[in-house]
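Let me begin by presenting the structure, written as structure tokens, before commenting on it.
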Amino acid sequence: MNKRLVFFLVFFCSAGMLFSRSGVRTEWSFPDIPGYITLTCDFHSHTVFSDGTIWPTERVEEAWSNGVDALAITDHVEYRPHKQDVIGDLNRSFEIASQSLSNWPILLIKGGEITRELPVGHYNAIFLTDANPLDKQNYMDAIQEAVKQGAFVFWNHPGWTQPGTKAVWYPEQTELFNRGWVKGIEIANDREYYPEAFQWCLDKNITMLGNSDIHGPAIVTPAEHLNMTLVFVTEKSLQGIKDALLAGRTAVFFQDKLMGREQYLKPLFENSVRMGRAQVLVEKKGVWCVEVYNPLLFDIELKASTKSDIQYAEHFVLASQKSVLLRFKVPEKFTDKEIILPFIVQNFLVAPGQGLQVELKIVKE
Amino acid sequence: MNKRLVFFLVFFCSAGMLFSRSGVRTEWSFPDIPGYITLTCDFHSHTVFSDGTIWPTERVEEAWSNGVDALAITDHVEYRPHKQDVIGDLNRSFEIASQSLSNWPILLIKGGEITRELPVGHYNAIFLTDANPLDKQNYMDAIQEAVKQGAFVFWNHPGWTQPGTKAVWYPEQTELFNRGWVKGIEIANDREYYPEAFQWCLDKNITMLGNSDIHGPAIVTPAEHLNMTLVFVTEKSLQGIKDALLAGRTAVFFQDKLMGREQYLKPLFENSVRMGRAQVLVEKKGVWCVEVYNPLLFDIELKASTKSDIQYAEHFVLASQKSVLLRFKVPEKFTDKEIILPFIVQNFLVAPGQGLQVELKIVKE
Amino acid sequence: MNKRLVFFLVFFCSAGMLFSRSGVRTEWSFPDIPGYITLTCDFHSHTVFSDGTIWPTERVEEAWSNGVDALAITDHVEYRPHKQDVIGDLNRSFEIASQSLSNWPILLIKGGEITRELPVGHYNAIFLTDANPLDKQNYMDAIQEAVKQGAFVFWNHPGWTQPGTKAVWYPEQTELFNRGWVKGIEIANDREYYPEAFQWCLDKNITMLGNSDIHGPAIVTPAEHLNMTLVFVTEKSLQGIKDALLAGRTAVFFQDKLMGREQYLKPLFENSVRMGRAQVLVEKKGVWCVEVYNPLLFDIELKASTKSDIQYAEHFVLASQKSVLLRFKVPEKFTDKEIILPFIVQNFLVAPGQGLQVELKIVKE
Amino acid sequence: MNKRLVFFLVFFCSAGMLFSRSGVRTEWSFPDIPGYITLTCDFHSHTVFSDGTIWPTERVEEAWSNGVDALAITDHVEYRPHKQDVIGDLNRSFEIASQSLSNWPILLIKGGEITRELPVGHYNAIFLTDANPLDKQNYMDAIQEAVKQGAFVFWNHPGWTQPGTKAVWYPEQTELFNRGWVKGIEIANDREYYPEAFQWCLDKNITMLGNSDIHGPAIVTPAEHLNMTLVFVTEKSLQGIKDALLAGRTAVFFQDKLMGREQYLKPLFENSVRMGRAQVLVEKKGVWCVEVYNPLLFDIELKASTKSDIQYAEHFVLASQKSVLLRFKVPEKFTDKEIILPFIVQNFLVAPGQGLQVELKIVKE
């Protein structure tokens, strides 16, 4: 047996790596935007140390495989149904997860979920230094402790268990946001989306997040991805992420939709879609075409948005990782070299129910 | 909200079920054979209670989803790398897994893996009543204890860590099999296959098994299934399985191959493949055809086996869950209504490297 | 080279077979129903001899591959845009297609499409003996000629080019149906569905059909199947199909929905779905479960239909070629061995917008 | 109905476009290389005008959909089995195909296949101006006519119908190449690969091609792509392609392998694979890692090629459109910022059986 293989067996296998799925990573292909690097983050996950069903190292490995750049381990502070069997303090799941950093290059964030009945609800504190002191009788004391540690605290799944999963804002939240202790809200969690919360974030200048809240293994199929928070950072580091969260530089990726502020979604769209050069198909009828490539792992749905003297199809779908052909008809005696076609991107939402307005600039070959 | 939905939420969700993948099960479609029900079994699995990375309830849920009829939880008796965090005795993982039986209808078997260095190796004891007494200094004492409890004991992955994964039989195994304490061998484990062990089982009348030895989440794709032991039982029960193991009524399903004794593989093939009626395609040239349907989740590869005055293609593949068309040419003045075409089934192995011989009986419409 | 391979090359390849896709056939797995064999039929297809883009033999091969049992070649009688290049009379495409019967066992039907502007519309005549005499100036003469030949004539795509693809019944149709010349209507064609036409078929006792109207190659993906007419025959033959059409024994398979009369859809459902034995999951809470297998190539969607003292989920989806687990809760002191759960099958339509009512009979193990 | 939709229906549908598959195009993502644009070309295809089974417009549409940049229609000059039904001269299939250029932006090349028994064989002449004069009794006359028209002529499938599909070079080929009339050879055609022909191209400085020779519809699945010739052009035009063919600037894409001269394959590899920055995983053990992304639609297989004091896995597979993690171990006291890891790319062949040598340059973060 040669040296290399022996090393491989001895070194890596001794490190306990499972090669069943190791080493292959889905890339979501979200582009960077001017001034910022785009990171895919999941700020809400559980392990066997609270009510999850997988070991912390497995959580890290599967996050890397699923294309997550930064992961927060946020086991419940108070709800530990496995505690008869799984012991260790509130920092332990993060400690064990950290062992995986010798296998997988991921940004790992220490967190915890402060868990109360409604109307208080659940709050994730991330970038903790010590999760143990968060175990307080009074939730205000717990959140204050997190803030004292410099944590970023956000309100989880504000519509969970509410009728119709409609998010409800109580006086308790007014207090927490007014004090500046809580600075973000999950507008999507697991399979739920809270349009009311999306609007609150826009109106009150709150950071919006979308997280998996994953408890079991993450079964990711082409048809079903994990929620993620896109974070626009100036450097790829824990500090970079924290700064971006404080500055509200996020967007939410939920069920093949992107939700966020126009200032981030617009360059995200523009840097994603790749336009070919326009070509004339039928000279005398003024029919032109252009190939449009969508590198993202989900379809982009476009709808013609305003009147134009250019004629083109009302809807068209930029199929994932494919080119599509957009045909259009210019007026008689059209001589411009450049055309602007206005569209609404129906699954890039800049407010509940409101698609991003974009203009496809098409340049003739 | 109506009564039914409330029940659904309150009753089932309180039971902690994840609906992400719950409730949908892959059916392998192995047919029963004359006199026996065919069960798909995995007799080797781990949880966080030894060196696995998932919680016992998750192991049960995913086994059900992956089409496993009977699952043994076989955490290592001696190797418990998580013991600093995960406490509880050797029966605990089975106890917790048993909670899932209120969600998933599966046959759950209490087991344990007796784990020693080579040349002893690893042994699974299944159908234990109490795993705790297996924790003995001397492996012979441990195995004797398992036998005393009425367990079925088998030798795991006999080629693991051996050069070229070639299985090696040591005097230790001679002793264990001679005493009648160990009655089975894994001829396939995880991604390894041990042809030597397959031959030993045939020569020495040992029960052959193929198991997943799964530690992490089971990622099952169309291209990669878990190993399973097919067990041919007279009743679908724990006792039925144990009786079948003692009688050697098993086959091994490994990487789209079936391995086992001819007496089981032959009826398994015959009850799988469905032949249509033969039709004449070109009367004057004697060209006939027949549609052959393969209901199994993997392709069956056939090779023409002997000379015949019927002419037909040398190889043909029965694509999974498809019909294929077999064309053949009968001699001039052929008047029979029935034709026998002999084949070797290249991925139904009755011995290492030796495919099952079958005859396709074709009846004219 | 051995004799068998030589035969294979010389005989089959000389027959011009393309092995690229040859020989593998999708089976839709529709079951037979009491008294009838279920056939999958496509009664509307085109070739290069009218405005299609593939050669007749290719049309036959792909129909066989796509699981079609009977195919009608129905090139337009009057609309022959390729006629400058493709010559031959109106029977020629059928003649050429018939050459494929020496390769593929399919029932091939001679047809033609009588093509007029609205309000007349298009009519397929199938089971023709000679398509040439259908080329008449007056459409009534053309249809009468078809009838004289013993053809079954049906009205094609009654909503095509109508606003909103809403089918419109004109006096011309009244005349044709009153005379008994036209006996069927396509309620689905290509990607269009005409609920009005479905209702007409129910109200006026007209045979309903759903056909592909395919012009190009049939690209069949898991996500998109060709429309088909299911025909319930007493014998698998051209005559058997014709008799069934005359008797209205059909159903329509369109975009993962079945549409038809209750008398056919009910046994089709009952013979498709396979129920396991019910098992008790939690004795003291009265929780039972049953595994339900769906062998069809599309999901079946069930909705609980009436009040019951058995509690169960309001919706559940029988995933294609999977088992799903149906859990339910029986009342206290329930002692019956057998339970009836009433459901609406939402994608088996017995009238526009109206699902089939079924009762799942569940027997305790 | 609004103006835009009316335009859509009236204009495009009148153009006879099938939207079944129209408008979505697979992008093979082959990168450009220094000095050249990379085009995907298929120089060998048939239609109903010779022995193909699809109409010329369909051939163009499916080529565009399958990611072909340039397509040659090369119906047989002499072999026209459909001629009883399909009339028109030898230019007609190209003329009809050209109608599709008002729908699909593709480079369409007029060609023809000169077809003789062995030892002469088949020759494609592309960039013809008039195919009719190629219909000569003597093949030398036919080829000379093609050359006179400025055509590029290449030898098709040199191993077809030869024993074991082994390519054989006869005196006839010596004559044709010596005269400079024939300048290229298909080293792959349909499902055949001719390693001998690959070597001839290298030894004799002949342009190598790989083409589909497609006759029926192109069924392209993830598991099976059409053969293509990659052509490295200075401008995307017919002239650009011709110049490149004359200069031998090609590579062949066959069954997930690339074959060609090192000078083209090397930059193709280098511009495909995207390396992240190396990160240190375990400081004290010297374990580093780097993420490697493969944008191509097929896996790239790497094998460690030479001894190195850096330890790393012997084989690793760059999964298609995924990142994989390459871990390696640097020696003690290693202080460089940059590492070179030598590999053989096993499915980029620079000669029969000989993989491309590459060096992955890894830069520390």
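Letters A, B, C and D mark the chains in the order given here, with residues in each chain numbered from 1 onward.
The rule is simple: a residue touches a chain if its C-beta (ideal position, glycine included) is under 8 Å from a C-beta of that chain, and two chains touch if they have at least 3 such contacts.
None of these values were measured; they are calculated from a predicted model.
Visitor: Could you tell me which chains are in contact with chain B and with chain C alike?
Guide: none
Visitor: Which chain has its C-alpha centroid farthest away from the centroid of chain A?
Guide: Farthest by centroid: C.
Visitor: Counting only Cα atoms for the centres, state how far chain A is from chain D in Å.
Guide: 38
Visitor: Just the number, please: Cα centre separation of chain B and chain D in whole Å.
Guide: About 43 Å separates the centre of chain B from that of chain D.
Visitor: Hey, what residues on chain D touch two or more of the other chains?
Guide: none
Visitor: Graph of touching chains, which shape: line, ring, star, complete, other?
Guide: Graph shape, chains as nodes and touching pairs as edges: a ring.
Visitor: Using the contact rule from the top, write out all pairs of chains that touch.
Guide: Once each pair is checked, the touching ones are A-B, A-D, B-C, C-D.
Visitor: Hey, which residues of chain B end up touching chain C in the complex?
Guide: Interface residues on chain B, with respect to chain C: 2-5, 7-8, 11-12, 22-27, 64, 101-105, 279, 281-282, 285, 287, 289, 291, 293, 304, 311-314, 316, 319, 321-325, 327, 329.
Visitor: Which residues of chain A touch chain B once you look at their complex with the stated criterion?
Guide: Residue positions touching the partner: 1, 16, 18, 20-21, 48-49, 51-55, 57-58, 61-62, 82, 84-88, 92, 96, 163, 215-217, 219.
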